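Worksheet: one structure, shown below.
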Amino acid sequence: MPASVKSIWGNDMLEITGLNQYYGDSHTLKSVDLRVETGSRTCLMGRNGMGKTTLLRCIMGLLPVASGSIRLQGRELNGLRAQQRARLGVGYVPQGRDIFPQLTVEENLRVPLAGKRSKGIPERVYRLFPVLRDMGRRRGGDLSGGQQQQLAIARALVLEPEILLLDEPTEGIQPNIVREISDVIRRINEEEGMTVLLVEQKLAFARSTADCFSIMNNGQSVASGPMDELGDDIVSQHLTV
Amino acid sequence: MLMRQPFVMRLARLHSGFGWAVLLLLTALALVVVPLLNQFVTPDSALYIPDWLVTLTGRFLCLALVALALDLIWGYTGILSLGHGAFFALGGYVMGMHLTHNRMETGTIPNFIQFLGRDDWPWFWVPFQSFWFTAVMVFLVPGALALVFGFFAFRSRVRGVYFAIITQALTFASMLFFYRTETGFGGNTGLTDFRELLGFSVREADTRLVLFMLSAVAVMLSYLLCRYIVTSKLGRVLVAIRDAESRVRFTGYNPLRYKLFVWTVSAMLCGLAGALYVPQTGVINPGEMAPANSIEMAVWVALGGRGTLVGALVGAGTVNGLKTWITAAYPDLWLFVLGGLFIAVTLFLPKGLMGLRQQMAGRSKQ
Amino acid sequence: MKTRGSIRKTGLACLALGGLLASGVAQSEDNPIKVGILHSLSGTMAISETSLRDVALMTIEDINEQGGLLGRELEPVVKDPASDWPRYAEQARELIERDEVDVIFGAWTSVSRESVLPVLEELNGLMFYPVQYEGEESSRHIFYTGAAPNQQTLPAVDYLMSERGGGAEQFYLVGTDYVFPRTTNRIVRAYLNANGIEDDAIREEYFPFEHSDFQSLVSDIKRFSQSGQTAVINTINGDSNVAFYQELANQGVDSVDVPVMATSVGEEELRGMDAGPLVGHLAAWNYFMSVDSPENEAFTERWAEYVEENDLSGGSDRVTNDPMEATHIGIRMWAQAVLEAGTSDPDAVRQAVPGQCVDAPSGYEICMDEENHHLHKPVLIGEIQPDGQFATVWETDGPIRAEPWSKYLEGSEDKKADWTYPWVCGDCEEPRYDLEL
Amino acid sequence: MRGLSWKGAILLGLLMVPAVVVADTDGMSADERAEKLAEQQKKQTQTRTEGLSGEAASIVERLATDDWQAINDVVEELEALAAPETLPVLQALSDRRLYFDEQGRVLIEDPATGEYSDAITGETVEVASENLSQPTLTNAIRRGIRPLIGQLQLFSDDVATRRAGAEELADRPRPEMLGRLKELRAEESNPEVLRLLNIAIARLQLDASDSEERLEAVEVIADVRSARMKSELESLLETDAQGDPVEPDAAVREAARDAIEAIEERQSTARFLSDLVYGLSMGSVLLLAALGLAIIFGLMRVINMAHGELLMIGAYTTFIVQNLFALMAPQWFSFYLLAAIPAAFVVTALVGILMERGVIRFLYARPLETLLATWGISLILMQTTRVIFGAQNVRMASPEWFSGSVQLMQGVSLSTSRVGVIAFAFFVVALVWFVMNRTRLGLEVRAVMQNREMAAALGVSANRVDMWTFGAGAGVAGLGGVALSQIVNVGPELGQNYIVDSFMVVVLGGVGNILGSVFSALGLGVFSKFLEPVAGAVLAKILLFVAIIVFIQWRPQGIFALKGRAGDDD
């Protein structure tokens, strides 16, 4: 199916239906459904070990799925390799950031140019993260956690993705940078219309950054809606320990 | 409870009734049928087993024993050794040294020792005049080398690919060492021209037949020993080490001791194989330690199926049988066949011949 | 078990007897005489041994064209032991037991010969061994058609010490680490000592097969040669020679100052290398392709023709050399012996071979010694030419009798190789053979 | 890889050492001299005489014999006569271009045209070559002819010829020539020729009756410091049966002692330097052999047992290129090596890509089994080569500019091909460094090797990168093959000799670290060359292997362990 054909919902960037995944003998994703509207900032929430990271990795194509469908702008992603998904517009900022430690900051940023026509790092990436320009020659592994997180986001942005997947971007990062990251996420969403799918545990950050939520519990999607509908009852039922 | 069973009971449980029946049948074949067909059937009969075939099979049995030893360490512990040729050859050299003593008339020494500029046996040759000393050394020499090498390697947690490569270096260095005439083991020629073992001429067909039977017994007993090891608690620890060594370490076992034990047993079995092989082949030289030989041994095991013991025996028999036939019939093709076998087994038969049925079943299910 | 041996033997005897009585004549005319050829066609030794297989096949073809022997064709059975010593033994056994050949022509290195020997003894086989070797061996089952040390290396040493050869007073012995160079050099050392050259004027170095880095060795030779007129005796075997001579040339070691006398470099080996760096250096053999004699002309022409007919690899570059001549002589001698004995039975042929003579390509009438299973051979010393041929610079007055046991070696002075009846072997006192049949 | 820039610079500097050691210009280098002599002879050799008469003619006539004694006599008489017009005859004799026919005419062959000319009359003679015989020539006779030629060359008007002659005489002066050499010295104007003549004369005057002359001679020789002359000086210090010194003059003895000391000092420096240089040379061979493996095994963790066969394919490609040049462009033959470099790279890279696509990519998760499969590939490649090219070695001719040697210092010379190999090793290291650090492919390779998943998630096709990396590694192995073809025999088993060594280099250097391989290869080379004189070549190698095995126990991650993932094998 060509990418231009829209799905029946019309304005969904990402649409996941009936996704099942097994890790060894354990059933990690149980018929998960998820819709991310184009232009939204959706936050995927849930307690630890409920399958959020697994779901992102399945979207990215880093884990095989047993059944179900993942569509990007109506196009079925199942069966495509990670690099093909990346080129179709899925940007990924993994948990733990996964910077290439032996590459310089600049080299880290150049890696995603593999599938791009333009061979230069887009200027806007440096506009969003001016600090990276000064650190161009430093090795990725030598950066602080916050800087690495910025680098990871910048690196995904080089791809100029349609949707940006962020897996716990605030984990282990000092508060001032957390705020900066939240700003950047909103800016790219509002200024460029980039769809964002965020996995986040911190409620405050999720509330201030995202406009929609979706909650997973025990490998299943249990609730979703606009962020202002995320009431205390839902939080206490699915999120608090 | 299981561990408190009497030894005989424990032994009996190594196999199902069917397994024991097959085992007994094969033993009978080797110890009764073959000698009968070789001795009391006239050469023109279709059932006659000629002397050369007896010797050839005897040698194959020795190689199968090597495969068994390698499977114990590779199949069950996940440690691929590319140095088993060295242990095999060491066993062979130990026996060869005894045979060389037997061949020399008293007061004479072989030319390769004269090359060293001396006119008596060097100290490390002298004790091998005794058969019993030799018989012990057949196990101790390869075993000691394995123990020392293994201790350091396992202690430093060298494993996987690294271990394979340094064992290859081990056998290569041993080969170079034995190639030197100065080393005092016959250099390039190695040890050859054997005549007598315990007063019997090793060139006589009768002696060869006995050696064949001994080899068959050795394989049988070694098989049972290996089987005993892998079905014991020790065996389960080994498999656990193979699958997740760090987890074993966390549960309080020290993998070093287990690995070292199996590794040394494996080397000793190789030594035994070498010692039986040499009088049947008539020569032992450093070429046996060539890295290529050791790699070929791994293919016997891989072809038969790792971690099955029986597979190792089957694999060794298949490859060597093929080799004998093809090198004679189509000498140019042999390396293509062997090379193709290596590739095909790794690509299409990850579980070897023994896993073939399972694999077929799996396919038909799909 | 003892019973069984005698049962078999009796059975065999009956069988043989029956065969003779029943169809003796007819059988001998129908059945070809099988001849085993046991040379490595692959592996390290292929470079040298392939040609021996070819020349053996050529000589057998020639005999067949003249009607074979005793009205029977010769049928060659070729094996390839692939430069693997134990396989020589295995295949020798196959040749004798399964293919039932009456004679084997084969082996090159001493190791391979020694590996075959026990099989020959066990199965009462007969082999012709065509390569110069270190001696210190003598077998009832082998005829040695190559040179013993006194037919190659010792005359070469004499030459180097002579005024004509440059008057060497120091010797550097370089060899591959195996039994031929080791034994040869022991003999050479003893011989040099006997000729007044002390041990401190002799240096000895060994390298493994295939060794290719001779930088340190050559610079040591250079240093050594500064303290006196030096000659090198080179017993390096096979491929390593290329690297050795190249390094000599590179470091400017000149044949005029330090001549290198090779014992294992012949025309066939030179064919595989750039002869440039070797020019002027020496080799000692019993035959050179460049020998000027009618027999050699016929031999080399026939060889060229054979190469062309059979489209052998190398084509017009193919040469003849000493071991090829020795193979050729061996087969012809064996054929004469078969005719004389009236049978190809190894035991009978073995007794007929001593005393056989053939006009050899080397230009001499070469005879098998009556006693020691070795040939009487002339010794030629040649200088390597840019075209890979040898220019003879010296030769003996005539064929020399072989001394398989060197009188210069302690322990073998008194040994005798005498295979005249009653069989006495060289290294033992008891006869190892008794006529049972 | 990071930091290769500065470390590389140091390394390059280190390797420049031998290159900048100022070539010894005392003119006493045996190889240089031999080379020059040969060159001179090529240019200066007259291929026929101008016609001989009188005594010269009557002596030359007697060369028509195969009695070596008679020829020796002739040479001696010619020496006494010292007639420059006999030079062409002597050169022809020395080069085996001198013949005589049944009538006893002495003929000289012109190597260029194949024509014969009469040595006495100088006229061209028509004669069938099968009727010609050659006078016996041995190295002993040549040893007499060489200085004679040298002496006659001194009469030439051409400086280069005179210099060639003087060099020969400085090397092999003959006592009979002393008087004439002194005369010639008096007339000589060229300083270099004069210097050489002085050396020759000094060597002859070591036993002069006048102690002043002896002292002067010792001083001249001391200046040269050639090891060749050490034994002559030592004879001055000998004592006779009564224990009295042979040399009566204490000053001369003292000077000789000093000179010997100077020579010995030089010798030990030379020995050290030569061990170092030979070690670097051996190390660079190891490096070239191992570099491809450092990429394939080091970066991709594929145990490529067919690595040796990739070297072999590179060498055979060189052989094919050589033959193509000989066949199609003989005038460019000497440049075939340059063409072989890209050809070998491409051919082996293609073989590598085929291997990767056909077999290895299915086995990335099972490293030990890659080992078996690639070993199978290696057997097939070897046997295929045997079937195509035969089991024997093929003949490689080094191009002219690649033969000969470079004199680094008196007593230390390195063959040009080995110098070339050292330089080539650095070229290849630089190339690899450039590709890895300055190209898109290199970036992707490093990204994939550090974090395969992440690279894929960023749009890098790990699959494709695997293929190209393997291809590049194989190509680099092919380049190693080109170098090996120039220094070892090219045959189907070529690669087998290098496989274990290559693995040792990579493991010792630290898997995943190409720079580590560079250091470990050079280090292994140098160590083994320093061990060799003590332990012999084989024992040195065994000791090194044992050392490596022990080293790996102690430091499993190799010399240069990368922080983080690299070196950790599970």
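Labels A, B, C and D are assigned to the chains in the order they are written; within every chain, residues are numbered from 1.
One rule holds for everything that comes next: a contact is a pair of C-beta atoms (placed from the backbone, for glycine too) under 8 Å apart; a residue touches a chain by one contact, two chains touch by 3 or more.
Being a predicted model, the structure only gives us computed values, none of them experimental.
Taking chain D out in thought, with all other chains where they are, the connected groups by touch are A | B, C. Chain D has its Cα centroid nearest to the centroid of all protein Cα atoms in the structure.
Counting C-beta pairs in contact across C-D and across A-D gives the higher total for C-D.
With centres set at the average Cα position, the gap from chain A to chain C is 79 Å.
In this assembly, the C-alpha centroid of chain A lies 56 Å from the C-alpha centroid of chain B.
Centroids of chain C and chain D (each the mean of its C-alpha atoms) stand 33 Å apart. In whole angstrom, the spacing between the mean C-alpha positions of chain A and chain D is 62.
Residue positions 41-42, 177, 206, 208 of chain C each touch two or more of the other chains. Across the assembly, chain B contributes 176, 179-180 as residues in contact with two or more other chains. Residue positions of chain D with contacts to 2 or more other chains are 386, 538. According to the touch criterion at the top of this document, the contacting chain pairs are A-D, B-C, B-D, C-D. By the touch rule above, chain A contacts chain D in their complex via residues 60-62, 81-83, 86-87, 92, 94, 98, 100-103, 107, 110-116, 119, 139, 141, 155-156, 159. Of all residues in chain D, only 29-35, 68, 96, 134, 136-140, 142-143, 146, 227-228, 230-231, 267, 274-275, 278, 281-282, 285, 386, 390-398, 403-405, 411-418, 487-489, 491, 493, 497, 529, 532-533, 536-538 touch chain C in the complex they form. Residues 39-40, 42-43, 50-52, 105, 111-112, 114-115, 176, 179-181, 187-190, 192-194, 203-206, 281-283, 285, 287, 327-328, 331 of chain B are the ones touching chain C in the complex.
Interface residues of chain C facing chain B in the complex, by the touch rule stated above, are 1, 4-5, 11, 41-42, 80, 82, 84-86, 89, 93-94, 97-98, 110-111, 114-115, 117-119, 121-122, 136, 177-179, 182-183, 186, 206, 208-209, 411, 428. Per the touch definition, chain B reaches chain D in the complex via residues 80, 82, 149, 152-153, 155-162, 164-166, 168-170, 172-173, 176-177, 179-180, 182, 245-246, 291-292, 295, 298-299, 302, 332, 335-336, 338-343, 345-347, 350.
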